[in-house]
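Letters A, B, C and D mark the chains as written, and numbering starts fresh at 1 in each.
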Amino acid sequence: MSQAGAPRITAFVCNWCTYAGADLAGTSRLQYAPEVRIVKLPCTGRISPLFILKAFEGGADAVLVSGCHPGDCHYTSGNYHARRRWGLLRKLLDLTGIDSRRLQFSWISAAEGQKFADLINDLTAKVREAGPFAGANPARKRLAPAPEEAQGPRRES
Amino acid sequence: MNGNIYQPVEMRIERAKDEAPEVRTLRLAFAHAPDREAFFRRYRVGMFGLYGVPGEGESTFCVASPPGRDYIECTFRRAGRVTAALLDREVGHPVTFRGPYGNHFPIESWRGKDLLFVAGGIGLPPLRSVIWNILDRRAEFGRVAVVYGARTVADLVYKDELAGWAGRSDVELVTTVDPGGETPDWKGRVGFVPTVLKEMPAAAPGAAALVCGPPIMIRLSLPVLSGLGFRPTAIYSTLENRMKCGVGKCGRCNVGGVYVCKDGPVFTLEEIQRLPQADL
Amino acid sequence: MSPTPSLREDAARLLREGRVKLVIGYRAHAGGGQGPAVPEGACRAPLAGGGGRRPAFIEEAHRAGELVFDGACSQNLAAYLKKPEVRARMPLAIVASEAVGRSLVSLAAESQFAQGALLALAFRGERYEGVKEVEELAALAREAAPEPRRDPDIGRRLAELAAWPAQRRAEWWSARFSRCTRCYACRAACPGCYCQRCVTERNVPQWVSTAALGHGNYAWNMIRAFHQAGRCTLCGACASACPQGLPLMLLNTFLAAQAAEQFDVEAGLDPAAKPLIGTWDPEDDNSFFT
Amino acid sequence: MKSLSADRLQDLAAALSAAGYRVVAPVEADGVVRFAPWSPGAAIRTDAVPVNSLKDVFFPPSEAIGRWRRSGDGFDAIETRPEAPKTAALAARPCDVAALAMLDAVFNWDFRDSFYDARRAATVVAALACSEADEECFCTSVGGRPDAAPGADALLRPADGGRTLIVEPLTDQGRDLAAAASGVLQDGAAAPDAPPEVRRRFDIGRVGAWLAGNFDSPLWKELSLPCLGCAACAYACPACHCFDIQDESGPNGVVRLRNWDACGLGLFTLHASGHNPRPDQASRWRQRVMHKLAYAPERFKVAACTGCGRCGRVCPRGMSLADTAERIAAAAAPAAGPAAGVPA
């Protein structure tokens, strides 16, 4: 469900741990905030900085990146590679106006359904508190295909 | 008269036909009758258009169908983003079109004259519109011969139409495939186009040759055509430079003093030879 | 003593002996002179004209006399190793200031030229050091800069930015990026931007918009800087090349400092260095993960 | 004679702004002087050639030329009109104004570009005659001059040693502009300053003759070696006009953009098949020079270079069209006279 002012959160998660954790949260019927859109990748090592930029370009209020705990990568070292990239990228984005309220990282295993639900709730609350990013988002695409789209309610897609 | 010249018209895919691996022909119907009328008022064989999918972009191909239909057809191979998007579209889906643009073959000057068409692979579509235009008005022209080759039998496009032309007594059709490209039941020739072309009869006075295909085929066919008696002013081809606007603005197709989208795409060999760095 | 005679002699000898096919260096611009003083803000890339210095491409020993070197030779010639026309003339020699030297070491670490394909006619300041292999160039660089060198003025500006709220930072950068015309002079001038097809030119899918608009300019400037993280030697070629005067060195210096702080990496000092992005350590900072 | 104190240019801008014009002028931001929208309080810089040219006013780096809304498997086109507010371009240099002849020609030579034309029609150009020239200036080599701006609607001519600007309306639009600004203009005589000396760097006729016969000259390779293949020169150029068309989509719709592009960039002519008819920088630099000094004069009867010198000022390697033309003129010299070494 979508409502005006609801934060838009994009989560890039790995297939083996965090996605399974999210799945567990679902099958365990844990309640968590519904605003997150999950994009499943084979491994956090596959999550390019371009994905994160694209999410902000498309109007995400926050981006979550999550995968297997260090040492648990299904492909041995994908998350280690990724961690190094993000250590730099998050600082660069922070410098240019996308701070840590908008870009978060976590390790969530397949067994951590509760952690996933808690994280999403926590993140959603923080993003709600920070408010919509649209006005301040330096990456945002500000092209209105249809003049009325700019003001219109967000469509579920 | 101050309309947006970059605004395409809407077309609907009426038919899609796979010609060869990754090569498809789309038959497109104009969504709005005035657009169709405007198109056919200006369209002459040889002209091109920009076919598009909003969100992906536009791609330039010749119009492969003749005047006198209520649709247009284009034949293209998967190459980049736009052709991939066009291949994804299904019958009934809309696409966009701008055109017709560019110059055209001087077909009226060929009345009563013999015509030799030489094509290789995906080079047949630009000539196909001319061939059908001629066949629609068959009595007005002299002998019509078509030499068409492809790397393999599978790569030949318009297979049904080739069969139709082969069955006509007023068209002389020679099809050929490169050595090794034949199948057990292949009835045509085996050999490269320039080789097969050598066996064609000499040019009659006023005859014209139209050549379209890969650069290497064109390059090797030209001396053969000269040997058959075709002068550079009687040999025609089309240039396929990369284009974006199609209307002589964006500068991409500029070669020498020529804008291919305005002064072409149809050129005589003599004109092409005067262009610097022509791909021949 | 002016270094030029020995530079010219070495260049001529290398060409004459057939050890290199090409020497890339600097020559005085035929037009010459500094010209009238340029008003502040005038249309001029700060180092572009380079005080009347231009790149020289010398293939014949008798032309080595055209070579000059002085403090005005500021263009980073290592960028020419990207050009197929230049690569076709390897082995070659490059007149290497300290900045060019560090770029060459960095490129060697990234296997951008074969061993023996490149010699440096090396300078330290304006002192000529002679013909150097890449390893010797690296030793020179380490000797010249035992401590990381950062422009203190840039450090001050970064500290100022860091103290602002995020929204103000976003607005400040957006105002600057809005001037970017996507001419890619930054990319062209950078020795490290050597991808044959840049990510902004990949269109299936189009990750980085090529439009000179806010979103495309932000994504482009982020990705350009990020792709240099841990690789940039802070030569300043990109910023000098930018016609719009975008503060690219703020981004580069910031990332270089981060690379040093987080991963103890300093680019351009070790031809055997492993790439920062592409390697990892189990002990890398994990504190930003929940 | 109408004139204006040179330090009152901002007042002129303010008067025009009050009269409903959007004012575009050389203003400084972050140490860079650019042709950009003027806002109250901003100083108008007449002492520096802006880094971008007047072209940007009519042909911006990116603009929407088409829009669609998605609907099912299809799209609904949304009419896309140019944004063309009533504009006054102040203090454009004569070389920039001269380039409008090239832009007018290419955007109208057959199909008419409504986006360019709408802004052209909505804009009044008040040129500023030059009082200084730097070493990159070469307008006099390509038929221009620093103290006249044919094609402008008005000319601001420095006088009284730079203290005064004489306002010379040249068209009805220019007269409208002067009328709108009458409150800040004064009557009375002023002595026009002598124009600066702009060195003539090459003989354009000789260059043209050489270009006609030297497409395959080895000189192209040599001249292009320093070129790193960016678009700084083309984007700064007042006459360069090549562009790309790119679609940008979102969940609900599509915007088709026209973005600047340049023949110096390697991908400009790259076919989807991988074939590139201009495979190296030598062929790209040749295209740029040929297009400016041979093809455009042949096709449009106007050179696509007005000698503004920006290419030389912005090139990261200090290349310039003037340098290239100079080299060409030198190469052409022996052939121009009786051929040396050839027995009569």
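Keep in mind that, in the parts below, contacts are C-beta pairs under 8 Å (C-beta built on N, C-alpha and C of every residue); 3 or more make two chains touch, one makes a residue touch a chain.
This one's a predicted model, so the numbers in the text were calculated from it and none came from an experiment.
Looking at B-D and B-C side by side, the one with more C-beta contacts is B-D.
Distance from the chain B centre to the chain D centre is 39 Å, each centre being the mean of its Cα atoms.
Between the Cα centres of chain B and chain C there is a gap of 48 Å. Centre-to-centre spacing of chain C and chain D amounts to 30 Å, using the average Cα coordinate of each chain. Each chain gets one centre point, the mean of its Cα atoms, and the points for chain A and chain D are 45 Å apart.
Multi-chain contact residues of chain C (touching two or more other chains): 206, 209, 213.
Shared contact sites, meaning residues of chain B that touch two or more other chains, fall at 80. Contact of a single residue of chain D with at least two other chains is seen at positions 68, 244, 246, 248-249, 254, 257. Interchain contacts give a graph that is no line, ring or star and is not complete, per the touch definition above. Counting only pairs that meet the touch rule, the chains in contact are A-C, A-D, B-C, B-D, C-D. Interface residues of chain D, counted against chain B in their complex, comprise 65-66, 68, 73-75, 77, 79-81, 106-107, 109-115, 117-118, 215-216, 241-247, 249, 254, 256, 258, 261, 263, 268-273, 275, 277-278, 283, 287, 290-291, 294-295, 298-299.
Every residue of chain A that touches chain C in the complex is listed here, in rising order: 48-50, 53-54, 57, 70-71, 77, 80-81, 83-101, 104-107, 119, 135-143.
Chain C contributes residues 158, 161-162, 166-174, 177, 199, 207-209, 213-215, 218-219, 222-223, 225-226, 229-230, 251, 254-255, 258-259, 262-263, 276-282, 284-286, 288-290 to its touches with chain A in the complex. Chain C contributes residues 203-204, 206 to its touches with chain B in the complex.
Those residues of chain C lying in contact with chain D across their complex are 29-31, 33, 35-36, 38-45, 48-50, 53-55, 57, 75, 79-80, 82-86, 175-176, 179, 181-185, 187-189, 197, 201, 206, 209-213, 216, 237, 240-241, 243-245, 247.
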